[in-house]
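So that you can tell them apart, the chains are marked A, B, C, D, E and F in the order they are listed, and the count of residues begins at 1 in each.
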Amino acid sequence: MTEQSPAGNGDRKTLLIGIPKGSLEEATIALFSRAGIRLWGSDRSFWLSSNDVELRPVLLRPQEIPQYVAKGDLDCGLAGLDWILESKCSEDIKLLTDLCYSKRSFRPVRWVLAVPEASKIKNVQDLQQMPYPVRISTELKRVAEDWLSEQGIIADVMFSWGATEAKAPFFADAIIECTETGSSLRANKLRIVDTMIESTTRFFVNKAIYLKNEWKRAKVDGLSLLLASCLKAEGRDSLRFSGDKSMTTVLEDLIPDDSQYTVFEASNGEFTFEVITERSLLKDVIPVLIRNGAKKISVSPLEMMYE
Amino acid sequence: MTEQSPAGNGDRKTLLIGIPKGSLEEATIALFSRAGIRLWGSDRSFWLSSNDVELRPVLLRPQEIPQYVAKGDLDCGLAGLDWILESKCSEDIKLLTDLCYSKRSFRPVRWVLAVPEASKIKNVQDLQQMPYPVRISTELKRVAEDWLSEQGIIADVMFSWGATEAKAPFFADAIIECTETGSSLRANKLRIVDTMIESTTRFFVNKAIYLKNEWKRAKVDGLSLLLASCLKAEGRDSLRFSGDKSMTTVLEDLIPDDSQYTVFEASNGEFTFEVITERSLLKDVIPVLIRNGAKKISVSPLEMMYE
Amino acid sequence: MTEQSPAGNGDRKTLLIGIPKGSLEEATIALFSRAGIRLWGSDRSFWLSSNDVELRPVLLRPQEIPQYVAKGDLDCGLAGLDWILESKCSEDIKLLTDLCYSKRSFRPVRWVLAVPEASKIKNVQDLQQMPYPVRISTELKRVAEDWLSEQGIIADVMFSWGATEAKAPFFADAIIECTETGSSLRANKLRIVDTMIESTTRFFVNKAIYLKNEWKRAKVDGLSLLLASCLKAEGRDSLRFSGDKSMTTVLEDLIPDDSQYTVFEASNGEFTFEVITERSLLKDVIPVLIRNGAKKISVSPLEMMYE
Amino acid sequence: MTEQSPAGNGDRKTLLIGIPKGSLEEATIALFSRAGIRLWGSDRSFWLSSNDVELRPVLLRPQEIPQYVAKGDLDCGLAGLDWILESKCSEDIKLLTDLCYSKRSFRPVRWVLAVPEASKIKNVQDLQQMPYPVRISTELKRVAEDWLSEQGIIADVMFSWGATEAKAPFFADAIIECTETGSSLRANKLRIVDTMIESTTRFFVNKAIYLKNEWKRAKVDGLSLLLASCLKAEGRDSLRFSGDKSMTTVLEDLIPDDSQYTVFEASNGEFTFEVITERSLLKDVIPVLIRNGAKKISVSPLEMMYE
Amino acid sequence: MTEQSPAGNGDRKTLLIGIPKGSLEEATIALFSRAGIRLWGSDRSFWLSSNDVELRPVLLRPQEIPQYVAKGDLDCGLAGLDWILESKCSEDIKLLTDLCYSKRSFRPVRWVLAVPEASKIKNVQDLQQMPYPVRISTELKRVAEDWLSEQGIIADVMFSWGATEAKAPFFADAIIECTETGSSLRANKLRIVDTMIESTTRFFVNKAIYLKNEWKRAKVDGLSLLLASCLKAEGRDSLRFSGDKSMTTVLEDLIPDDSQYTVFEASNGEFTFEVITERSLLKDVIPVLIRNGAKKISVSPLEMMYE
Amino acid sequence: MTEQSPAGNGDRKTLLIGIPKGSLEEATIALFSRAGIRLWGSDRSFWLSSNDVELRPVLLRPQEIPQYVAKGDLDCGLAGLDWILESKCSEDIKLLTDLCYSKRSFRPVRWVLAVPEASKIKNVQDLQQMPYPVRISTELKRVAEDWLSEQGIIADVMFSWGATEAKAPFFADAIIECTETGSSLRANKLRIVDTMIESTTRFFVNKAIYLKNEWKRAKVDGLSLLLASCLKAEGRDSLRFSGDKSMTTVLEDLIPDDSQYTVFEASNGEFTFEVITERSLLKDVIPVLIRNGAKKISVSPLEMMYE
């Protein structure tokens, strides 16, 4: 907790926040930017600058952020659930928002158990069939040990310093590795046997600080709302078009939930329809609108949205 | 043809689409992204991933895409008209949309006949005056041979593996090369003599597939509409401002075509004007609006538009 | 002046404009792009291309632009106030707009007098206490000489060809250097003693041309308005939400100045509120709106705005 | 031939030489440098500079060099045998030296017929078993067509614009591709079926020029000798050691061929042995020498050698 | 141990060797190259190719190599002593040669205890004076824990995932970090308190394999000799000069140890002196030789030497 | 001078030396390395490290080194003669060695007066024919002003901040620019009118320090000798071959100056010839040797040589 933290954070009106360096870095900084919070750094320091003077952001490896938040050296931070679990300090951390994004998509990543294509191992239990403790290479050593142990597997889990996919079959019988699409596993001629965990980016806070410090609680709650609303706007657009009143029926057929559209009467008696919709639906919706006589159709981007 | 294609595409609900690698790659992926279709790849494969599960995109050189579409190995693709012509397979291809963009502008590129500044050649017919078959270096060999032959020129047309502009005058008497602004030709001290063809990016489909497979026809038609609408939005903005009713007259003077603006009465009796207009007109329109008392002027970007 | 300029600019309907190469280059080209004016170049020339055919842009070091504008070789240009002053040609230049941006922020940069942390120099007058003319290294030599001279300091001001911060204490007793955040000075263990000048990017024109050539005066005035409006939109958003009429009171409390919002009645009797606001306020405004029952909250980006 | 070549080479004391751009470029320039001939270029031109004023080197794609040498636009050049064959102009070319190096080794490259690992094709004849003309993708189209035709295979040989290995199995049933170690083929899950040709870098000259122009013949012959001697020195070293006369016997046992060593008597009666040997033998030779009492063992690099 | 190793290495005439990836990689590959053993790789695999067919090299992080050698998955490998100690598997490893090189010099690196310049900590014992277990950040966690424990210090040693120098003072009270010159520590305003260990690159082998497999023992011993002799030649040159016999006295004064020079009488009665000497002595030796009448002085590089 | 220099260099056994950053940097560091003096740096400082503990090297722009040597802030340094002249401090500097190398060759660079190809200016005097003071753009402003003034030319010499070649004809009527081969001038369509100065890299020392400080004088003289001998070895080789005594005559014909070769009689009665020769002569010498029966011909590189 802050009070006892050796580093401490004397200034009660400053929120110390850990930003994940590496694969999530670019996406995280872009997310903050859409929320109106610019973060920028220099080559010489991991302390970032921000246009929000109440924030003190620091760029750290996601492996380290949970432990510093747990100790109270940081007030809050972002990291994948995978590294939160690996750090074994969930007790001192409160998870706030599930920010469902990874390096390049808005889906969770998976840590999977994979074996060489030609391996006889078909499921987790088969790991027991090796004549010696099965050799497993992974960067997520503790989570892997717990998961295997829960299933009664005795294994020699080795910490991998990278290039894990290349370790099998020579240096390991199986690996537990992070994947978004599985394509890198396939390229290394590995076959997925099981999924250990799914992981998304989380925003979390030191539990004691959150309970005791009102200003910080309000600040992280506001930030949490803001970031979530930006993520929600991602991939949605504002669609506007004109038409006569009958277009309402067309629109209701296309988008049954009326909570995201508004109809205005223009000065010339025409109606203007404004709809918040997913961008991926546009390719289906717009041809129907055109066929039904919609005019002045235009699509604009959104930065944030709240339902 | 699809049915007989050795590669085939058994899954009738998947559209195989060729994306042009190289100079058009970045602009093409950006265009799809504005249309809500994200394409991303890995270093290990030319197969791309997409958030549209019905698409199976593959990144290939634009020189190769027409021939694979013609054979039915691909359902459809994008490439410049230049390489479509060079591939000599127009018969099996149906051109859908002229997506008027090139590497960095929204104008066609030109393939021009160019000669060293000091050359005596002033027009195509002068090519005949060389004491030997005129040596012409070009990457678009077949199109060039046809074009020269139509004009009765006997030439030694050599395929150029790049750096064509440097070939003249030593290795060639003239070149036929692609240019957007002519600046690279000028830098190489070449003079343009004539234009062989103009070329823009085209979206095209295998003719037989388009005729026989309804699902694919609907899919490519929808995609065609979507991409065209994104290109149309490029360089246009939504302009909003407030004023009293008399602003209508001002606006009508500025933008005679009323099809792209709408007038709303706000709750306080003021009027709000919403105009879709080209961004390049703003520098002329806005000073007039200000002079006439417009308020709350704001300009927002558009992602797509349909007229 | 133009008429006598050896370079001249015979074409009266073309505006020769100097674009600053280097640290301001990317931000300047992005600003023009938001204003609908695309500038692009080739590796072989400093002349840029533009979609505004009346512009003839040229990419030059900001140190050189003021002198070419003053001579009339260029009609107008952008550069930092620092280099305008250093060029000593303010007499022939008319400053039009203060475009408050620098390499990465929208704040002025400062040229500061800095000394090694351990130095005894605490203020400008202390510079006189060295047993020899104080050695000062700077890239802004003339401005520094004038500034020191005004304060009665006799100094050996040396022009620095870069890496000025490393010059002290070995090769200089103090430096005068440009800084945005001071972090690079701190990393070099330097302490700021005083600020010599603050500098922002300026848009300026040759005085004689501005007086005599009506077409050019109108053109630079329009450009000036356009660029300023884009800068104003930077960091502001359009916020829309729905609610019943009572939301007006909530909004008035949040944003007392009513000049930037409009209220519409939708066809279903609901009201839609449209507010132009700074993005950095959103994190405070939106939670209040939600608490008061606002719906369909969405935030869209702005490209330009005029108050 | 020169006399009739439109480009010509009026200066009889200048040798026009084509240097292969791309994968062989670095190794070729390094080879010339070891031979005392420095070649250097600029970004703006494919004409290189050289410290041998009688050479006029030009950097061209190896695909183009054979045809320019055959026409006499170049006097001589270096390129792989593969592209010499593909250019179909062997008649006008005289091959001088086999410079056995490729991009990164001193072994020939192979162009191999490869198929997907799971393919039923086991040898060239199996290509006939496809229900349609077998689709083969390759960059060496003409050589491939001839080779297949000689073996009675009817095939649809498609020119590949790169990434050939990825073409199978989707766009081709087999590929013919260049490989040094086969590792890239294995990574693409392809299996080698047969070797079409082996290729090394060749130094060649226009046949007519070689016959008629004495100065050029002497120049290319000298150059040929020089380059070959540098290649021969590659991987050999000069080994020196001291010992008494009995070391001669030891040495004779180790290196039976006495043509590469010399024995000197030093002033103190000791003998010094100087041996030219392959570097890869040192790891076996030196332990034996030490065991037999050799002293002052040292190994120096060689730049050139002639046997 | 080999026999039991799951990976095993059935082929008794192949030596599996781990090459350290990262900071030592370039220097290691250069060292092997000087020894006549070329190692090269591809982007797709960590298995390297070699011109010594008896070697099977694999590029792995130095953190991992000791453990794989200890298990017998690798026969031998190179890594820093630091990571050998950290891996805690010294029992199964036999250290062969101390190859005294690091990333850019031929000196050991040091792992030092460092604190912020302003810290009150002056020696290791002062670490006890913190009001809480002193927080220490390091990449060499186990070695650090043992070292501190031996000195009776209770510490909270945290594994650092990089950028350790920036951790103090905020996230750590002290760090234990690797340094060659201390310059990076000074740049981070840290002060060295003590040296934990010195480390150089070591060549080591699996102990059981070395004892039982004669072929492998001979192979690693040969390799060890070869690498050591290349390192010894580093920075030494062969100096040759001519003179009359009296030069012997001059030379004996300069280089008392006669084991590295040889004197020959040339055919014209002149004497030629050949000396193996350190390059750094040349700047002192050569002026003396010149003053004493030496002629034809030349200096040649050495690749290997054995004393 | 040192004594009075504010920076001073208290340690009399340390030589402060300025190493030119930029175009000469790589060649300079390579030259020192051949001389046995390794210089290496970090990104954070311009102070370099060296294995010669008596040297304290600092990497500075060559424009600045002469002035710091003249003031005594540095003891000595390397820079082009061009920047030594521009700095106007020749009086306080003693030139030691002409190290004839530039960025990529071992020839002087030239600063030439160049004009657009189409310009009427044919010689320096023609500069007077412009109707206004001729506009000249150059980075070597002071040298240019002096040179023009000596020839009676009144000119407007403008300091150019780079890309000088592009300044003409628009921003300048002529330029004075540095060139090695003239190719960049030709690419910019400029014609050389005259040569202002030739410049090579010089090693120079503060005059007062050289006179008064014996240790430093000896140190710079030794360094000067060492660097010169390395440059002399550049492009020369040691050629060895065997033959009978008659080869002496052959050799005397080829290389009349006998000062660089030695003949030894081997134990088997054969003679071994050792010749120091320029590498560029080898292509002529070796074929003659072969024709005359020379055997065991080998060529080895030299690192240094003294005649």
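Throughout what follows, contacts are C-beta pairs under 8 Å (C-beta built on N, C-alpha and C of every residue); 3 or more make two chains touch, one makes a residue touch a chain.
Fair warning: this is a prediction, and the values are worked out from it, not measured in the lab.
With contact taken as defined at the outset, chain B and chain F are each touched by C, D. Touching chain C and chain E at once are the following chains: A, F.
With chains reduced to the mean position of their C-alpha atoms, the one farthest from chain A is F.
Two copies of one sequence, chain B and chain D, touch each other mainly through matching residues, since over half of the numbers at the interface are common to both.
Averaged Cα coordinates give chain B a centre that lies 36 Å from the centre of chain C. A straight line joining the Cα centres of chain A and chain D is 52 Å long. One simple way to say how far apart two chains are is to compare their mean CA positions; for chain C and chain F this gives 43 Å. Residue positions of chain C touching 2 or more other chains, listed in rising order: 44-45, 187, 264, 300-301.
Taken together, the touching pairs give a contact graph of some other shape, not a line, ring, star or complete one. Here the chains touching each other pair up as A-B, A-C, A-E, B-C, B-D, C-F, D-E, D-F, E-F.
If you check the complex, the residues on chain E that touch chain F are 104-105, 181, 183-184, 187, 235, 237, 242, 264, 266-268, 270, 272, 279-280, 282-284, 286-287, 290, 295-301. Interface residues of chain A facing chain C in the complex, by the touch rule stated above, are 35-37, 40, 42, 44-45, 49, 51-52, 222-223, 225-226, 229, 233, 238, 259-260, 262-265, 271, 274, 276, 300-306.
Residues 4, 6-7, 45-46, 61, 63-64, 67-68, 73, 130, 132, 135, 158, 160-163, 166, 170-171, 173 of chain A touch chain E in their complex.
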